[in-house]
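Take a look at the following structure, please.
We call the chains A, B, C and D, going by the order they appear; numbering starts again at 1 in every chain.
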């Protein structure tokens, strides 16, 4: 594929299949950087599931905008984002960002840029289901700081 | 898998399968960053194949060292590197680095760190086979500069 | 105007969205909030002035002093935690 | 000591490696190169002093002034272009 693709879906996706589909037929892409975000459970605070609420139309628009910005800023050949919503189990993928470029650093920067903005500005909210019930995850100041590195 | 894995092989590998095997059974890994380097052909200077020569024992040792440094420096849960040698066609994968961490930036930095060092300090040499015969690829000053960002 | 709520704000208000007729003096996002606090006890209780939240007009993130313009939808939600 | 060659250096010298008896006054990597240039016309032609290349002693990258120590192998090759 070439260009920009953004998909928001409830269904689980296969991280590896996405990588292979993305890299197919891109003879000019010497470099592909992929970020996969997974449902994580810490031993000290195990969770049973993650529920992700979202604002569908706004999420689609925002992510398309970050993806376009990344393409323009880092001269990417293609970028693809898949983000899930709904309920997921530990170990399942939540989000995957793939950036293709002629050069390595551009691919890394493209995927990293989209993830940084996505974390703070895409309308998704995580609710963790643990042994003691469900609770909403609080936003982290660190994510806000990470985003700001691109505008320095 | 957990820990460090470095494989140097002539056989082609499946980029997606590697990602799926790597992410399996890592409940604490919330973030996986993957870099895939592919044989690239530019329209203005098309190539038919790439031949990669290497120094086997030294390549294995050097890459294991970069991988260990990345784990220590960025507190990674696991890192895996697969690098090919021999002859490959356009579009085939040359190298893949995968880094798993609890957090996104550490995963990106881990994969990026290994790639930067690998480019300049791992004993591999590229020979491009084009319409006008084969020629050795020259080292780029840019790669040397990229590596130095980690020691600033 | 349609007001939409998300995440814990939606849960505590016990509503996804509501239709709201706005008086003429309601010109910004902040004005809508003040208006809702004045006419709706539940809203005033769940979203007191010190609450940290974010707002969007027709799918665009906005500051509280942004004029409503011709927007049809105002979304109110906690800071995002996606990715 | 075994001297190993890689990439275009290997091709132009037309050899992968060679066994070399070193005189006592050859103590560093640079000394080996000077010695080879003195005894081997092909080597002197392919690797004149201004050549940009790198060297490793027993799988470790080294500078040219590094003493040979107990190393068994010296590898000589162009700057790397992997990844």
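The rule we apply is simple: a contact is a pair of C-beta atoms (placed from the backbone, for glycine too) under 8 Å apart; a residue touches a chain by one contact, two chains touch by 3 or more.
These numbers come from a predicted model, not from an experiment.
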(message) Give me the step distance from chain A to chain C, shortest route via touching chains only.
(response) 1
(request) Using mean Cα positions as chain centres, tell me which chain lies farthest from chain B. (result) C
(message) Can you compute the centre-to-centre distance for chain C and chain D, using the mean CA position of each chain? Integer Å is fine.
(response) 72
(request) Express in whole angstrom the distance between the two chain centres, defined as the mean CA positions of chain B and chain D. (result) 27
(message) Taking the mean of the CA coordinates per chain, how far is chain B from chain C in Å?
(response) 48
(request) Would you pick out the residues of chain B that each touch at least 2 other chains? (result) 37, 104, 115, 119
(request) Would you mind listing the residues of chain C that make contact with two or more other chains? (result) 83
(request) Return all touching chain pairs. (result) A-B, A-C, B-D
(request) Spell out the part of chain A that touches chain C in their complex, as residue ranges. (result) 37, 52-55, 57-59, 61-62, 83, 94-95, 115, 118-127, 136-140
(request) Would you tell me which residues of chain C are touching chain A in their complex? (result) 4, 6-8, 10, 56, 59-61, 75, 77-83
(request) Spell out the residues on chain B that touch chain A in their complex, using ranges where they run on. (result) 14-20, 23-43, 90-91, 93, 102, 104-105, 107-108, 111-112, 115, 119, 146
